[in-house]
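Dropping the structure in here first, questions after.
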Amino acid sequence: MTDLAAVKRALTAQRVETPSWAFGNSGTRFKVFTQPGVPRTPQEKIADAAVVHQYTGVAPTVALHIPWDKVDDYSALTAYAKSLGVGIGAINTNVFQDDDYKLGSVTNPDPAVRRKATDHLLEAIDIMDATGSRDLKLWFSDGINYPGQDDLTNRQDRLAAALQETYARLGDDQRILLEYKLFEPAFYATDIPDWGTSYAHCLELGPKATVCIDTGHHAPGTNIEFIVAFLLRQKKLGAFDFNSRFYADDDLMAGAADPFQLFRILYEIVRGGALDPAYGINFMLDQCHNIEAKIPAIIRSILNIQEATAKALLVDREALTKAQNDGDVLEANAVIMDAYNTDVRPLLAEVRTDLGLDPDPVGAYKRSGYQEKIIADRVGGEQAGWGA
Amino acid sequence: MTDLAAVKRALTAQRVETPSWAFGNSGTRFKVFTQPGVPRTPQEKIADAAVVHQYTGVAPTVALHIPWDKVDDYSALTAYAKSLGVGIGAINTNVFQDDDYKLGSVTNPDPAVRRKATDHLLEAIDIMDATGSRDLKLWFSDGINYPGQDDLTNRQDRLAAALQETYARLGDDQRILLEYKLFEPAFYATDIPDWGTSYAHCLELGPKATVCIDTGHHAPGTNIEFIVAFLLRQKKLGAFDFNSRFYADDDLMAGAADPFQLFRILYEIVRGGALDPAYGINFMLDQCHNIEAKIPAIIRSILNIQEATAKALLVDREALTKAQNDGDVLEANAVIMDAYNTDVRPLLAEVRTDLGLDPDPVGAYKRSGYQEKIIADRVGGEQAGWGA
Amino acid sequence: MTDLAAVKRALTAQRVETPSWAFGNSGTRFKVFTQPGVPRTPQEKIADAAVVHQYTGVAPTVALHIPWDKVDDYSALTAYAKSLGVGIGAINTNVFQDDDYKLGSVTNPDPAVRRKATDHLLEAIDIMDATGSRDLKLWFSDGINYPGQDDLTNRQDRLAAALQETYARLGDDQRILLEYKLFEPAFYATDIPDWGTSYAHCLELGPKATVCIDTGHHAPGTNIEFIVAFLLRQKKLGAFDFNSRFYADDDLMAGAADPFQLFRILYEIVRGGALDPAYGINFMLDQCHNIEAKIPAIIRSILNIQEATAKALLVDREALTKAQNDGDVLEANAVIMDAYNTDVRPLLAEVRTDLGLDPDPVGAYKRSGYQEKIIADRVGGEQAGWGA
Amino acid sequence: MTDLAAVKRALTAQRVETPSWAFGNSGTRFKVFTQPGVPRTPQEKIADAAVVHQYTGVAPTVALHIPWDKVDDYSALTAYAKSLGVGIGAINTNVFQDDDYKLGSVTNPDPAVRRKATDHLLEAIDIMDATGSRDLKLWFSDGINYPGQDDLTNRQDRLAAALQETYARLGDDQRILLEYKLFEPAFYATDIPDWGTSYAHCLELGPKATVCIDTGHHAPGTNIEFIVAFLLRQKKLGAFDFNSRFYADDDLMAGAADPFQLFRILYEIVRGGALDPAYGINFMLDQCHNIEAKIPAIIRSILNIQEATAKALLVDREALTKAQNDGDVLEANAVIMDAYNTDVRPLLAEVRTDLGLDPDPVGAYKRSGYQEKIIADRVGGEQAGWGA
């Protein structure tokens, strides 16, 4: 028997962090299609994030990307966010957009480039000190395009050295989220290509380093929920970058490509007791809304995660355990599918109503006039985007 | 017994077409790293292509990309190319970089956008008339990112209409090369995702429409040489876009990622009697040299194709047929591998020497001082690149 | 606005064909786990199929596999099936389990083997004449394991010859369903690896040859619903082999691995007006229940297809078309997802009740005592299975 | 400058272990094609392995598979092997072919099955004591086919318990080689799906547990040589199961599908100083010769590994390091490719001649009459094969 009140409490407590860069323009190597109303400053991105939180009620923090969100006064930025009802979340580093980084950042064969890159990581911790952020998210585009281009092992040594220096700089309540990615922009060997590599480095660093799973960064066929379950068992799962994909790192809205997979991932989170924010996992979005309107796309992604979570919470765990222990393959699968096939939208509408929110966040946003307002207001200046 | 003189004749007659855009800057969605000395004009691209031909002897044509290579006077451009010893090859259309094309070009739900896109295709034929080009290469980035975004069948109808109008405009000696691609930039459904779709459209268009195989545009595990053999059998293979990949459409140098695959592809070409330029296949490169020097990378790619071809020509066909007919699996495979394992570089050095070329094209290019010269000369102006 | 009565009519009229071999034992190359109660004869398989129809109401035909279902008197077998309330469906050929077929059947380099294989195909049409079957399903395991092992083009020529001879033997109301498969058991090149190859052969054969899509036979990332839409547009889609997979040709229960994909496939069927049995598509299951109980697994698969179909029928086509034509990416996707997120189980329960069936077919089957009965009865003899 | 004498010494010292089961019949789930002359007993398998060593000079050990190679007296078997000039290598366990193991072996929900499976692992160590084997190779087919079928975390706990008990039983000079595999026969979640999972368990077990890389057990696109380099850096690489594949776990001859990949793997071995048998890596074959003659296929696989090794040894390390440190992408790649493109067959012929062997092992085997002899002699009895 499912305890519906507990399900609603869990859904009310759930948190999703939005990424400042998803409000800016993005695209593929072929073209970035710009959209009217896109933010031009970190403040405008935070304003949009606040609107997302206003309509969903579960997205009270926004992650920053340095240097895209560089400002002179991070305390002021934090206060500004607070004034809009949101807080600053993870600080994301960027060591892939300077010309120096053509052959790598912290793994570059040139020690001067490595120094520069590591200094950027340390600088990000300074920013965390100012914003009060707990999480330093590290994604390295580092890798090589051709066999022989560089020595795989030497690059690991360089990576370990930079990570150690960064780890040593962390405050007591700060931590590293170490992301991995199979490929792109490196096309032969990426220096942290899979969870195993990230895990091994985190183990060597210590308890303040944990793995960040980006749901779009795996080889075809990879069972992501297995990785979730395994890292929970090892106590080394620190964060998600949610998005979805049919092919490579497509960065589509979370839940858009394979809602059943998202449900299975959330089921492992629920099963591992890791949904509660107190557990410490940072559930972030990391997406590119190349052709769709950005704010409603982010709202939709959050709804998709909420729906997957609600279904995961509805799994009849007792019946499931019984069927599993009985070796009843069909019944065990049926218990899971029964929850998945439930239409949880009415339940989530109730949760929202209880929170004083509109039960239909996308509709409420559309009706709010905010989109028209930012299109009218945000004229002139330079739109935010990758590299901008 | 292999007839070495015939092998050398075939290698001497082989032709590879270079792409003007590969001489310009390129990159990933994360960063375009610029390189010194990169061309700023179509003329400078052609000059670089001429240098590639000068050192390889097998690359006498260069493909253009419209509008990247737009000029006022194509006859003058053609004459300029001729003065450098090269000719204009295929004309490549570009219906993916205008803001209008966010939701597609010839398959866009908006008829006005479709009209604009189709007009661009027709304009490209005008340019072909001026340059004397035989081949119109059509690649459509068209597709959708989300299930439901547009109707798959309606998009096929629109595609067919645009293709028919374009086909009708072709001159007697002109033809369409219709490219396919699994994904990117479309991330859910691409309108021409595979060779079957391209083939079906080409069949309906008529004899002047043939399929172009880009070696990087397939799903993992796809047997490309099977497609080559099958399309040759159907007389519908018109062109290659050579490049290589470990993951998706990585656009690495041809032969860099899987030289054995390149050999198997070339073997099917040789076996089908399609290596001779008179057969009509346009063997083009289509690559992105994101981090490596461009001209020597293009030379290297051509050498890789030549080496794969030389090995394919060395296959003892008589022994192979005998082993195949005997059902001797190991022996048949051994015959193929015997050719593949041969070091054909001395043979190709001879072919080059016979042509009056330096036997070591990369070394000769490096020693020539051309790279230093273009770095010194090409200062100011805007470097060519995707979108530039 | 959805016309619920029409949706129910469509669901009532829907038909799924069960495969006789799915009732027998199956497994992987590592082990076949036998199950008690498994049929020992074609008659027992048909009896099980009749039970599936009895509880689902939409599975009135069962496909046979020759020689696994070889009997002396096919008219008697047909009459027996009829007495149980079902009919004989497609006849499946098997040219992969004789020692002769080690290097291929209709594409074997040895003409004697090709003759034998083609004769088997012709014999299957004789059986169709006796059973009144419309469909001859052809799947060829033919292919090669090593580059060079055999000539790819010669194999196509041999394939075409066998297909033509078989096609010529078809009666007026009979047709060929030509299946394709990326790999397994051939591990380098399969002779019909993709829909394009099957389509090209069907085109050359004529109107009585159409493509059969097995949902597990594609490369990773292949968009199957695109193929469905495209083949419908070309009027060459003849059948499905439904099953599901996470990796290769896993042959799991339809809808088990990616229910959203199954929905998208059914949506294209509905959109193309091809759900109605009168359209002529044979919707078959082709699965292996290696570790789960077979009859309830087949019932579950049918329910999964029904649920996907119900959701597809519930798509608000008018709203979808409007959003698509408006270029409203998010709204168009939302229309599709709204249908997908609906819990259609109550609707299907109504459909079943209207048909006089138990609304819960799996539960009804479990309660029926049939499973216990066949376990008790089917003792001795040799259980049916692949190769048995 | 390459030291050719050192290269030859390294090639002379190289060792490859053959698998007893590769001499027996194997196949796919569709069919096992039997071959004349296949061994019927462990002794006959060892005799074949001895012949492989006789002609190659680098394969002095043969791995056993329990229970396929179960005998009453392992000391006698070891002595028999010694009398033929070979030794017993790794002991491979088999916990996948009893009916009990339908839902798993050491991860089965049923404790009695887990007990049985673990006892089998312990028994294998008893056999190692008798044969003097150092290596216990553990491959678990354990996993689940359907979401929900069993609890992923519970299964890890059970796995860890069985591994610990087994580890505790190891003698001082014995060790565990822990294999991983993406999928098959489990089709949804495999309990040790990737190197990271194996690595994490090995870390927890202790220094006598190391990872075994089967080159066919990865997701598409996985960079295997990266894993090799990484595990060498972590000092946790214990063994290889060599074979090759175009698609899934095809188990083709090593080097047949992607000889360049095999070269890159061997390069990392050479670069890590791990080629020398004293380093402790067990270089094993694990293949299925479904359609080709078994003994020459195994010889060919060894030659392929030797050729890849010779090329790896020929890499000009000094030039490579210089180019890498200079950031010269093309030159660094060229250094690697220069070695790869070398025809090393003459060099290996010299190595063999120096060892008193025929320079052409496949030819020598064919001329030896051994194949004809075993075909004539091995009549009656039951041929060895999977499950036999």
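Which chain is which? They are A, B, C and D, in the order written, and residues in each are numbered from 1.
Methods note: a residue touches a chain if its C-beta (ideal position, glycine included) is under 8 Å from a C-beta of that chain, and two chains touch if they have at least 3 such contacts.
Since the model is a prediction, treat every value here as computed from it, not as a measurement.
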item: Between A-D and A-C, the pair joined by more C-beta contacts; value: A-D
item: Chain centre separation in whole Å, for chain D relative to chain A (CA means); value: 39
item: Where chain A and chain B are represented by their mean Cα positions, the distance between them in whole Å; value: 38
item: Per-residue multi-chain contacts in chain A, two or more chains; value: 103, 145-147, 182-183, 188, 220-221, 223, 246-247, 256, 260, 291-292, 329, 333-334
item: Arrangement of touching chains [line / ring / star / complete / other]; value: complete
item: Chain C to chain A touching residues, read off their complex; value: 220-221, 223, 246-247, 256, 258-260, 291-293, 296-297, 300, 307, 329-330, 333-334, 340-343, 345, 362
item: Touching residues on chain D, where the partner in the complex is chain C; value: 26-31, 33-34, 96-97, 99, 101-103, 141, 145-147, 182-185, 187-188, 220, 245-248, 250, 252-253, 256-257, 290-292, 386-387
item: Chain D - residues contacting chain A, complex; value: 103, 109-110, 145-154, 156-157, 182-183, 188-190, 193-197, 199-200, 203, 218-223, 225-226, 229-230, 232-234, 260, 264, 268, 271-272, 320-321, 323-325, 327, 329, 332-337
